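Worksheet: the structure to be examined is printed underneath.
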Amino acid sequence: MDYQELISEVYEEVNALGLSGKVADYIPELAKVPGDRFGMALVDLKGNVYGAGDYQEPFSIQSISKVFTLTMVFHVFRSKLWSRVNVEPSGNPFNSIAQLEYEQGIPRNPFLNAGALVITDALTSKFENPIQCIREYIDELAGQHCVRINEEVMQSELRHAERNTAMAYFLKAYKNFDNDIQEVVKTYVSHCSIEMCCEELAKSVSFLANDGYSIFANREVLSESHTRRINALMLTCGFYDESGEFAFRVGLPGKSGVGGGVIALMPGKFSIAVWSPELNEKGNSVKAIKALEILTNKLKFSLF
Amino acid sequence: MDYQELISEVYEEVNALGLSGKVADYIPELAKVPGDRFGMALVDLKGNVYGAGDYQEPFSIQSISKVFTLTMVFHVFRSKLWSRVNVEPSGNPFNSIAQLEYEQGIPRNPFLNAGALVITDALTSKFENPIQCIREYIDELAGQHCVRINEEVMQSELRHAERNTAMAYFLKAYKNFDNDIQEVVKTYVSHCSIEMCCEELAKSVSFLANDGYSIFANREVLSESHTRRINALMLTCGFYDESGEFAFRVGLPGKSGVGGGVIALMPGKFSIAVWSPELNEKGNSVKAIKALEILTNKLKFSLF
Amino acid sequence: MDYQELISEVYEEVNALGLSGKVADYIPELAKVPGDRFGMALVDLKGNVYGAGDYQEPFSIQSISKVFTLTMVFHVFRSKLWSRVNVEPSGNPFNSIAQLEYEQGIPRNPFLNAGALVITDALTSKFENPIQCIREYIDELAGQHCVRINEEVMQSELRHAERNTAMAYFLKAYKNFDNDIQEVVKTYVSHCSIEMCCEELAKSVSFLANDGYSIFANREVLSESHTRRINALMLTCGFYDESGEFAFRVGLPGKSGVGGGVIALMPGKFSIAVWSPELNEKGNSVKAIKALEILTNKLKFSLF
Amino acid sequence: MDYQELISEVYEEVNALGLSGKVADYIPELAKVPGDRFGMALVDLKGNVYGAGDYQEPFSIQSISKVFTLTMVFHVFRSKLWSRVNVEPSGNPFNSIAQLEYEQGIPRNPFLNAGALVITDALTSKFENPIQCIREYIDELAGQHCVRINEEVMQSELRHAERNTAMAYFLKAYKNFDNDIQEVVKTYVSHCSIEMCCEELAKSVSFLANDGYSIFANREVLSESHTRRINALMLTCGFYDESGEFAFRVGLPGKSGVGGGVIALMPGKFSIAVWSPELNEKGNSVKAIKALEILTNKLKFSLF
């Protein structure tokens, strides 16, 4: 399989389709990103990188960062984590507070905002400087210094963090939050404001396609079982209210962010990151999802 | 791989664990089934059957029947179906009516009761005698005459069908139901009251592990794409509010029923059916799920 | 107080305002009613009638009929009724089924559709021919033969009764429904399809302004305590999601129907019925509510 | 009418019933109050005070304070207020956040916590030192210096204010909150922590029984129309999820607090305050409600 040819073909085909969507605009800084950007990077388990388009241009990884914090927290809490966060798909929007009330303060999964806040809270209990640890952790996973926090995006998100802050207080009311709320929310929006390019992202999640072993960090990052857990969660909950659709059309574990990035994994084969800022109405990148669909079709691959 | 040895080992190991649960009792007929029954049947893509325990004893397939009606309906409606039923996991119980109200009469997926009722309604629009067609269809898939409707279970479910009937009227209020409600509900409880044994079930869903081609019916039952769709739906929504947990622990597409049966598929390899009537609090068979978990561990298989 | 002058003045003033709304159109028969109709009738405790405009033209009383069935059921069930229906205002639409699920099949009050269905079910348990009894009961209260069921409206409502039927099955699933559902729903839509004019309505509810004694039936219809209960329910729940607004603007116990009718009571003084078919967005008659607001202002009356 | 005799009789009768409930314990300071306290004070429109039992012992007024802040805010916002808070009863608990989400950040009424927070936020926009203004305002209404903030209760509530803080952030996310959240929440818990005795409370709400004119402040505190609005709101929403029941059993506008206090009004006649700390399961004082029920029965008074 010539991955470079594959990636290039997919890139061309998607470009030819002329797809469009809407750049996220809930904070002004994200809305500034040019909508026509499009890049893809595939990293095989030997560490070879195959790229196309804007695959070396950094973008805001947003919710993709939840994959990294979830990975980190496994070392701290292991199975105890699951008394604080559930692992089931949610039938509600990613930022709904109503479900949290019905379920008495236990978020349904770690990729909902409420669940990711619990994860960041857990990291804050463990680490003195959690955002610094998160940065170093991702750098190690990528095998290179690459993590930059976009300060403007972060400040802007902080100014619009009321809903997430409400969620954190609500979790605290249910005794599912331990640390200072402003501090945790700041850490949370900071890791959402991380910028990386497709190449760096594909490298940094490579261990999830490799049973937990990172060839870039040269160590087992996660046990095989924990790796499965994260991949299973991505498959069932990784794409907001489009997770079922993605499971069918692409059939790979993956995670999207409102910055237009998507990471996905073919276990035993490769990791991939795709980026294009225009989103569909469910909040997922139009071109990135189409690219992954075409790619798995070309590979004649499907989980199913 | 010696599948017979594998099945026998798994069977012994699960039995040794002494797991227990609670036989479904929402209708008296189901509660009569002896709780200690336990059987497994694996069918490979050549049609070989490997069994253990009570794998030839018929039981009530209940919600597993939704896989068959969903398969049937693909021929009738193809992609048009998805304007009437969504494909996303639900964060609510399988028989919740509240979510149906918030989502304006479009069930979130075809494995919720509301979604399965829409499917049965669609079959009723197409076939003169839908329950007869369903029976013949399953018989054909299994390559043998095997479908029996347990009349007592069916009558008992019919006497307790208020909630499903409410759901059907509610769907009709949203113009998402075309036929006579009593008739459709009767067809629905009839297909839920079908009895089959593990061997028959494993044969009849074999096509889902074989890209849609049934070696028992000697024909392509479903296109490759439709097969993927059903498998993706089973992975994300097949186990009620335990679908995420099952995806992690077992990692196979599958579907459970409150009769204690579970079917699961390893695409390209085999189909399997496991039955044991005692359920956990989420309504899934305790022993069947444990058996599948041990089996995939032994196979060192995981989607992820 | 010259009530005739009062009524005439209010009638003129409301007419001069040129208010408009939208005639109910959820069934075609109701949509046919001319929107410009407007009538008022006030009946004092001596039985004198003071009318203005179309106060002798019959209209569809719709949900106002729930006041009569609730009154009837008090003789049958007395305080036992309150285990089947609650007495608290609802924050949800009159036909919401979600709240019924959260509250386990106990409707929040008897003026919600679900609550009124429970009432009609209770009457069906008691009377052989409940709709006939309801008709005779209202006739007796009005002191004259006046109740007509509009057969076309009734049939049309029956053809659009899916939501109410769903509600009834749902109640039955929670064991809060005893009789044949189709029969009860037919009785329910029949009493909603009763036509009466303002004069007849004002007479028939006169007992609610008179501590339960009807001067037209020449008997105590309801105990003082039960009368208070119904009036309190009307004040807190009588106007769908506008009950709080009505309590403030008018300050009288009352009940509206989507046919454009409103009844209201000044305890110890008079009963009144107002009709005008154009509704505001909450489903209450625009002119009728304005008329009652002006009337209580002129009387310098307020509960508060 | 000899009000002193009336009050004394009611006091004796309630005491003889041996009613009991449960002192609020969601904060430790409230739980310390002896459960057997019981006092009543009635103030007629000439300013005469009639008392029984512990009517001069201060207690935590809690949600009764919402009546005062709502009164204050009328001068500031008048009818513009109603774009920020609705006036309809709620079918959900006083501290539910789910309904707030469904209704897009507009609380259903000013007596829900979310609604009262909006009111306190509005006062914060107007006054430099809002809690000081609230204290002086109530003192003026009572015609005497009487308002004390219990610092321990306040600090304790502040330490348990996560749910209210969550609500405030949520309101801000919907742009229905203008000021610093910590500051407003502190003002809110401060006015909830005010202590007053029955006599002082009855005096301070006397204007609500007197068309808005306070004989203690010697001025019109509120227009007649605004007075009606507040009384109507108390009747439909003043007793959490027992408002309908209270409207029937007592039939007076009133407001309760979890400290065990209840105020109520007979417009044109008197105001009354009753206190007893043991609550029923809906959070209302068992003895206070029974006392008011007996009192209105003795007066043969009913709104209805």
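Each chain gets a letter, A, B, C and D, in the order it is written, and its residues are counted from 1.
Please note the rule applied: a residue touches a chain if its C-beta (ideal position, glycine included) is under 8 Å from a C-beta of that chain, and two chains touch if they have at least 3 such contacts.
Bear in mind that the values here come from a model prediction, so they are computed numbers and not experimental data.
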Reference chain B; chain at largest CA-centroid distance: D
Intercentroid distance (Cα basis), chain D paired with chain C, Å: 32
Centre-to-centre distance between chain C and chain A (centres being mean Cα positions), rounded to whole Å: 56
Every chain pair meeting the contact rule: A-B, A-D, B-C, C-D
Interface residues, chain D side, partner chain C - complex: 86-92, 99, 108-109, 227-229, 231-233, 235-237, 241-245, 247-248, 251, 253, 267, 302-304
Chain D-touching residues of chain A, taken from the complex the two chains share: 96-98, 101-102, 162-163, 165-170, 172-173
